[in-house]
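Two complexes, one shared chain (chain A), two partners (chain B, chain C).
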Partner chain A sequence: MQTMENKWEMLEQTSESREKIWSRNRTFAADVWFRLCRKPTAVAGLLMILLFMLFALVGPFLTSYSYSDQSLEMVNIPPVMKVYDVGSCRVYITPSLKLIRVDENGSLTGMLPVVRYEHEKSMTIFDCDGKEVALYYGRSVYVVCDEATGNIYPAGHIWNHDHLLGTDALGRDILARLMYGTRVSLMVAFVSVLVNLVIGILYGGISGFLGGMVDAVMMRIVDIISTIPLTLYVILIMMVFGQGLQSIIIALGLVYWVDMARVVRGQVLSLKQQEFVLAARTIGSSSRTILLQHLIPNAMGSILVTATMLIPSAIFMEAFLGYLGIGLRPPLASLGTMCNDANANLRTSPHELLIPALVICLIMFAFNFLGDGMRDALDPKLKK
Partner chain B sequence: MAKYFAKRVGMMILSMLAICLITFSLMHAVPGGPFTSDRKVAEEVEAALNEKYGLDKPLPVQFLSYMKGLLHGDFGPSYKYTGKTVNEFIENGFPVSGRLGFITIVFVLLASIPMGILAAVRNGKWQDMLIMAAATIGVTIPSFVIASILVYFFSYRLGWMPSYGLDSWKGYILPVVTLGGYSVSYLARLTRSSLLEVMGQDYIRTARAKGLSEFKIITRHALRNALLPVITVLGPTVANLLTGSFVVENIFAIPGLGKYFVNSVSQRDYTTIMGVTIFYAAFLMAMVLVVDVFYCLIDPRIQYE
Partner chain C sequence: MNENILEVEHLTQHFRLGRKEVVHAVDDVSFCIRRGQTLGLVGESGCGKSSCARSIIRVYDPTGGTILLDGTDITHMSQKQLQPLRRKMQMVFQDPYSSLNARMTVRDIIAEPLLAHHVVKNREQANSFVYPMLERVGLTREHADRYAHEFSGGQRQRVGIARALVLQPELVICDEPISALDVSIQAQVVNLLRDYQQEKGLAYLFIAHDLSMVRYVSDVVGVMYLGQLVELCGAEEIYSHPLHPYTQGLLSAIPVANPALARQKKSGGVAGDLPSPVTPPAGCRFHTRCPFAKPICSQEAPCMKEAAPGHSVACHLYD
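Let's look at the complex of A and B:
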């Protein structure tokens, strides 16, 4: 009961406590994080990116297939198979007109041996545990039937248990390749953006900081480079360095830093007029210290926004190169090369294209959403 | 203004020189000469070939003679197809690409601007949401994905349109949609945001106060100013369409310039790569300049220093 009495007791009021800011002081990073969290799309994008990274990094340890394991028996098998119940066993018709035995779980247990070919009837006869079944390929929808009566066996759909996302034209597991391809695509994006960041910050920083003649010349060079169609140059640089991961990163790094340099220069130009730079100069800081310790950290907001926006274009460019067939060397996989490989069998096995295409789209969405959110969070002044 | 454009043209010439120089040095940095192949060629043959194409001379001399050819509009012979010149490739390929590009631009303008206007007029309603969702998807999905999905559904599944070639008008539909998809989405978003901005201005309120109909306000007053940013990005849009044509012409087997370019890249046909790159670059820069001149003419507020 004592607490009840004390509840309304006046606290001692001093001028010090009146002046004190009671709410916690938020750092810049915490402030940005708070604003970012208030945008559902940005949070969704961030979560998706984290999930894809997990998928790409941890995933390969959870699957028993590697991205390069080929199995020429299990070619172009979709994730959801149409299986025919022959009685003694279930069979699946591959796009290359062979029969594969499937058990109840959806595991593929092996090819059925061919007994003979009946070309007049458009049938191939297979041996299924001593029973003869016919694969009729006379019409566009191939069916498994009884040779004598022509009765079609009952069919149903079953999920592919061995290869959750099916296999590609060389019998490689698509899930394993997808994990590997996502890793390659994300890595290309991050590393090439890092290269851009370094070149762009140094170039733009020096240009903006020194000003005058140096700035004029450096910016004319940037102007000239920015008129060049960059896609063409990425392709040309790829040819000089040959196919491969390093070449893609070098090509993207060498070409896309122009925007970054412009952004950094603009920031440095306006920041270097401020008093804190003068103060730093007064206490005898070297130009290098002023540029790297004072100016660049203050410009970090816009730099980060530009970098986040660069990532989707790097992913797109890598996929584009892969799609044109000048990206990675097989059997290495990236999302773009997977789409390219799938094009040959698009008619019969659309899953080979749709799955990596979906992943590309999701990654692009995620980065675009996150980039938008980052822009609003880092630079509230820019908000429309 | 004339001074500004003189400066621009001067920059363009400088850029062209830089492009030629970069392309030339990149091509000569490629390991292996144009006549290195898997088959063993006798040394004399290789030497004779090198001499015929002037590859035995020092690099600066080669560059100068190449530039001299360029100034006369001669892109040199193709290294891979004997007897063919790069000019022939460009003459054969460019009209095809150009026609496709022109139709695409018309399609882009006809589709994106009305979509943007509708979204802006119905700001916040379901039409706006739908158009903006579609535009976001269109901006994010790479063109080759769009192309493959369209081919799968419309050519293979439904059989409505051919999956390759430009033999009939139907053949144009899928390539044009693929090529223009990104630009339609981008321009629709741009039109919407710029129209919304203009609609908030005072002179629109004045027009409303005069009692003009909403239709008239938009078509007569708002759109004129709202379309200016759209015109600004038309130059880069042309660039997008041209580079997009690499993918589209490959998927739909269209014998345009993009297909020649990609083929020559995979066959390492150096002169063709150089020639087409330089041609593309010159065309793009000219387009951007033309758009800028046009922009300056229609917007008297712009003052070029």
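Let's look at the complex of A and C:
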């Protein structure tokens, strides 16, 4: 009988090899970042937020318009215009039945002067480089035609080169206003994060850590604050500080930390019972060390997730207040006030509502995606 | 310098459950631990071993009795007064998973007691204590920057032991340090504790429910039942001459490794369930399950008395 050849080689076992940890040594932050990067939606959310930041902070330096520049001639012009080629030039019919000359790039070069009104023919006659062209408004689709023959000039679509996203009811450039509006939204997001991270964590942490009567009193204060709607605070604060962004920010700063305080308190209450906190007590660590080194770092996962989930609701709150007309003072732009301004011309110029509404959606989407990804990345139990 | 590092007299620990109900977790427990010795505390789950340990280390505020740590009465000290004394007394916890902070590296975990007691000023200085301590418990310097969740259960428990020993305490309370570990790892941890004791001469209060392990580590063994100490004597004595019926029952429940002998052995153990510590039985608390119960047992509580030299028992059978 043939003996089996031993294909295995005996290795010497040392205490060092037995105790060795083979996984790579990564800090907690690096670990979270690694897991976040493996989640496409979270990366997409993060990229979108970065793009919006660039758009809001760098954008205004790249455009020649400001949020308040009005041009009453160029009112309610969409981003993509239907233009008629009348031979010597192209013209665009504004919703207020005027003709604007458009060059071949899509730049708006000026209004055509009116020659006369032909009311019985439902026409207005304009002068285009000496040639008379008629705007016929007898049917719902207005056209430009030759007055005598009634031949409609050939039409085509062209991108608005001067105002990439069109203009609003006062002839202000929507793209420029959008940049300022996004800036307001991101500012609100930043303030809400700051307030949550500072006041919310400390208040909730202290309340949960001390427990007993202190906790009961502190949580009743939170209950009182959270039962009164934020809208009411904003209106009351506006009575004192006047209408504007500062009132919204003060209102957010005063009351927007209550949800975070509740989350942190709950976390601290449950973590407090864990043995590592007991261990810190028996070691003789101070309450400050226990709170700041043991309890809050362990609650950080839910804190960050709550923060990223609260940002969209803060942004939405600001937009909502703006839409109701209790936000910024008029020349200033926020996404909500832009939506509100667009209401009047919704039928003729839907782009004025759709564009800021889309931006609100995208910002909220981005933060929600990021928050969702963070929740998974911060949970060490999901580690692969 | 006191001969006894810890003296516990008539320690009582009650917890309120709602308005009227009170859990009698620890009732009138007295014992002392000499320097460099180990007292093993055994008893079934829920008999108040851990509560006893936690009142001694003053995580709980004792309801009654006195605790003398190296001659100093710490029973009613405030946490602030207690802080400097905590250097003398440290604790090793049962669960190696929840007793280490998942957000801290092993270096920070072991350095925490040093920083809390101002032995060192910063983390860099702590390294001169942390590295030797890590090597002492069988880990290496490379482990210092790892997080607790990267370690195995046995390694984590050794980190917990390193944390308790780094201040060179005189008394370490081990609250079931091995019951969450694999059998193969248990010996490793127990030997580490024993070797360190021989080196530094520190005392242990060793809580366990594994009787054979307690026999191996302890000089003196105390048996607890429903919050009370029922028997206290030398480790060998309690295994050779158990007096209290409860101790006898516990010892007969130890599984025998040899199957031939196991078949011969009568089925041992203690019949019945542990009564509720909220409403403990009157008289001797064990009389509801005791095979030798007499009428007096349900009327009068027996007190601890010396039945043989160095062997105390609380039972009416030895009056």
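To be clear about the criterion, the second predicted complex is superposed on the first by the 307 of 384 C-alpha atoms of A that agree within 3 Å, B and C clash if a C-alpha of one lies under 4 Å from a C-alpha of the other, contacts with A are read in each partner's own complex, and residues count from 1 in each chain.
The rule is simple: contacts are C-beta pairs under 8 Å (C-beta built on N, C-alpha and C of every residue); 3 or more make two chains touch, one makes a residue touch a chain.
Quick caveat, the model's predicted, so the values are computed rather than measured.
In the superposition on chain A, A:His294 makes contact with chain C only, not with chain B. Applying the stated contact rule after C-alpha superposition, one finds that A:Ala319 touches chain B and leaves chain C untouched.
Touch criterion met: A:Ser23 reaches chain C, while chain B stays clear of it. In the superposed model, A:Gly138 makes contact with neither chain B nor chain C.
Between chain B and chain C, it is B that contacts the larger number of residues in chain A.
When both complexes are overlaid on chain A, the residue A:Gly212 reaches neither chain B nor chain C.
In the superposed model, A:Phe276 makes contact with chain C only, not with chain B. Contacts of A:Met364 after superposition on the shared chain: chain B is touched, whereas chain C is not.
Residue overlap on chain A between the chain B contacts of one complex and the chain C contacts of the other is empty. Listed in rising order, the residues of chain C touching chain A in the complex are 54, 57, 59, 82-84, 86-87, 89-91, 93-95, 98-104, 112-113, 116-117, 138-140, 142-143, 145-147, 149-151, 155, 160, 163. Contact residues on chain B toward chain A in their complex (touch as defined above): 11-12, 14-15, 18-19, 22-23, 26-27, 29-31, 136-137, 139-142, 144-145, 148-149, 151-152, 156, 193, 239, 242-243, 246-247, 250-251, 262, 265-266, 268, 273, 277, 280-281, 284-285, 288. Interface of chain A with chain B (complex): residues 220, 223-225, 227-229, 231-233, 235-237, 239-240, 242, 312, 316, 319-320, 323-326, 339, 342-343, 346-347, 350, 353-354, 357, 360-361, 364-365, 368, 384. By the touch criterion given at the top, residues 15-16, 19-21, 23, 25, 28, 274-276, 278-286, 289, 293-294, 297-298, 300, 380 of chain A touch chain C in their complex.
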